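The following blocks contain the structures, represented as structure tokens.
Two complexes come next, and they have one chain in common, subunit A, joined by subunit B in the first and subunit C in the second.
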Partner chain A sequence: MTVVGTPPPALPVRDKGAGRALSPMLTRLAEERATGVLVREHGVLHLAEGRVVHAESPLAPGLDVLLTAHGTLAATAWQQAAARTTGPLLAAELLLRSGVLPTGALELCHLDALYDAGYFALAPSSTPGRFRYDSTPRLGPLPSVPVVALERETLRRRLLLHRLWPDPAADTAPLIRADPAAGRAPANPAGPTTPATQAASATPVTPRQRAVLDRVDGVRTATDIARNLGRQAFHTLVDVRRLTAAGQIAPLPTAPSAPPPPPPLGQVTTDPDIALLKRLRDALEAL
Partner chain B sequence: MPGIDECLLEAMRLPGARGAALVDWTSGLALGAVGEAPGGDHETTAAEAAELARMAAEHGTFAAGGDDLPPVEDVIISNGDSYHLLRFVDTSFDSSVFLHLWLGREEGNLALARIRLGEMAARLVLG
Partner chain C sequence: MANTETALKEALTSIEGATGVALVDYTSGMALGTMGGSKTFDLNVAAAGNTDVIRAKMRTMEMLGLKGGIEDILITLSDQYHLIRLLSSRGGNGLFLYLVLDSGRANLAMARHQLKRIEAELEV
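The block that comes next holds the complex of A and B.
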């Protein structure tokens, strides 16, 4: 009798009807075909004529890491290109012109890095973004991406992670190995702790997940692991959420802090609008 | 050396080619797409093809024996009127992409397309 693990949910398809924009400012900048740099809390987007030509985030490994981690490009070759240019995008263009890398490989890595950093740059933030009009970014030989395409892909990626495991805590916290046999809640939070849980725990770890699992040490976060592996951060998050759902890893519990002061009685829940919004939120989260 | 678009356009020159795309199987994102897509939507096609590719890539049953070999080369689907050929791209950097070629069954030559797509996948990342 073969134990069949819970199959991961299907990759989501973008809902074209949903005209949600992640950043109204970005939508406006795309409409006016702006050129400049958008600085947000978790990353930076470089726009040329309203298209994203480059993205950077401290949470995603850059093109340099992706290219040098596995020896595709010698670290010294990147450093030389970077020293002769102003910024990673121009360094990549220099590498393209010099022909040290196949065009397809460089385009592919560039797009990988752009969508990866863009995902974090467009993450919900607690501070408003700032746009600086700047004529430096331009449409170059490497592919650029329409703002709308990056926004829609980012939303789709959020949905994909949410379907794998709805709690985002493991995305940012240091990760620890968990004992799958200890019986964590199964991927379906409504499910009971029954043989189904054990079956989920017995889901084989794929080779790519094994590489992530081997680097979980109680200190590294998903971003650290991505950088260590020279792998896209979003790809790492997919495996982190799946390993979390399988009970293989868990976010390091944060030290208990002083309990928050109790909310003023009768202020929050009696507001019919707030109560309705909360019920809506709970219902949406339960989907 | 071909870029992504040149590679896809070259695939479209194969007899019977209806559509071609370069897809990331972890995210389901089409990094490039040309020609038609079944149902008219490259995004949906990419997400669904990525699902299939991921299953093939992740299940040990289908993997090649050697550690230095990529786990899977191709996934081939045939139906009454077309073929779908998914060719994994073996990159020296960490990635999870494949070429997806949709071929009409009448005009398409699956054996030829499989060989050519393998060559294109290699040229894309090796030059």
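The block that comes next holds the complex of A and C.
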């Protein structure tokens, strides 16, 4: 058996500009009105007839947290409902039927949670997504969202964060209080212009941001703070990026690590993965 | 308590001169629901842009040390009124109703009163 030394040529990639789809696979699933569960690196999307009915991400607080954190619903009521059902969506529907929760409140919290988790689920990932056809997700009484709407909103959110402060380091790293008087931390990107930054550091901290600032302790990340406050993770990212831009907080500097090793060449997945086959189909189509 | 779609529909049908309405989250600028609008007037864009109006006003109040909360904001154009009403009682989740009125047909005081009622029904 001969060992091939040269790396295989890169697979042709679809034109990024075409449709600006965040996930070509998701677009196709929407077109074929698929029902099932799309598992991506940072989150899970539940599709029913090509529409997103539910999203979950370990980086975003779930519907339960959003509902119970501000007294919309008693935590015990949620626990009872969750114990009697198999998923947060069904638990919410049970609460709706039993009249514990008003429709509008639940709808809004559901949409908040969906777009929030969807933002992370559609974040750029290093591994291909995986779709499981499954008849469990269905169009229930709660509003569902077309895939294009979720993609559009996710892109808009990404741009919004980028405009506030272009360095994503603070999104994932533990956060520390930075002394605004001590000047900028050296690890900052050559992003915003200096006059704008100086103006920002003079702006007062809003009560919302103050709550975030009070929870910055060198251990918690933005996600931890969001869960602690019962707020959406994306909203917390907005506050975190604004505070970073104002020089109030900074990501905990990590020891300079070696650049990530290049992905091993010729890596073979033993799993006859549908996602892989679909990527192959994409590549062949693009030829 | 009305669901979002009912509330938006009610705003659009019961308020004289209303041409568009949106329920918007002002931290992210996302419209959680829109109704009305036209090809030339994209409510999603208007919603996102008006979050900046609210933020700017809040920051100004902060700097002035004003303690009151914003009830509503009125913007008058030559042919339109834009009415922004903040939802008052949803804890950490800041939402506002955004209503576009044709200034020729609308009764501003009445519209403001009706929007207040719709907001109260949407209240949690």
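Operating definition for what follows: the second predicted complex is superposed on the first by the 224 of 287 C-alpha atoms of A that agree within 3 Å, B and C clash if a C-alpha of one lies under 4 Å from a C-alpha of the other, contacts with A are read in each partner's own complex, and residues count from 1 in each chain.
Methods note: a contact is a pair of C-beta atoms (placed from the backbone, for glycine too) under 8 Å apart; a residue touches a chain by one contact, two chains touch by 3 or more.
This structure is a prediction, so every number in the text was calculated from the model and none was measured.
Look at subunit A after the overlay: subunit B and subunit C clash there. When both complexes are overlaid on chain A, the residue A:51 reaches neither subunit B nor subunit C.
In the superposed model, A:238 lies in contact with both subunit B and subunit C. Once the two complexes are overlaid on the shared chain, A:227 sits clear of subunit B and of subunit C alike. With both structures placed on the common chain, the touch criterion links A:10 to subunit B but leaves subunit C unconnected. Look at A:67: by the touch rule set out above, it reaches subunit B but stays clear of subunit C. When the two complexes are overlaid on their common chain A, residue A:40 makes contact with neither subunit B nor subunit C. When the shared chain is aligned, subunit B and subunit C each come close enough to touch A:103. Across the superposed pair, subunit B and subunit C both touch subunit A at residues 66, 69-72, 102-105, 107-109, 111-112, 115, 143, 153, 156-157, 160, 204, 206, 208, 229-232, 234-235, 238.
Against subunit A, the residues of subunit B that register as touching in their complex are 1-4, 6-7, 22, 24, 26-29, 31, 43-44, 47-48, 50-51, 58, 60, 71, 89, 91-97, 123-127.
Subunit C contributes residues 1-5, 7, 23, 25, 27-30, 32, 48, 58-59, 62-63, 90-95, 122, 124 to its touches with subunit A in the complex. Subunit A makes touch with subunit C in their complex at residues 66, 69-72, 102-105, 107-109, 111-112, 115, 143, 153, 156-157, 160, 203-204, 206, 208, 229-232, 234-235, 238-239.
Chain contact summary for the complex, subunit A toward subunit B: residues 10-14, 66-67, 69-72, 99, 101-105, 107-109, 111-112, 115, 143, 153, 156-157, 160, 204, 206-208, 229-232, 234-235, 238.
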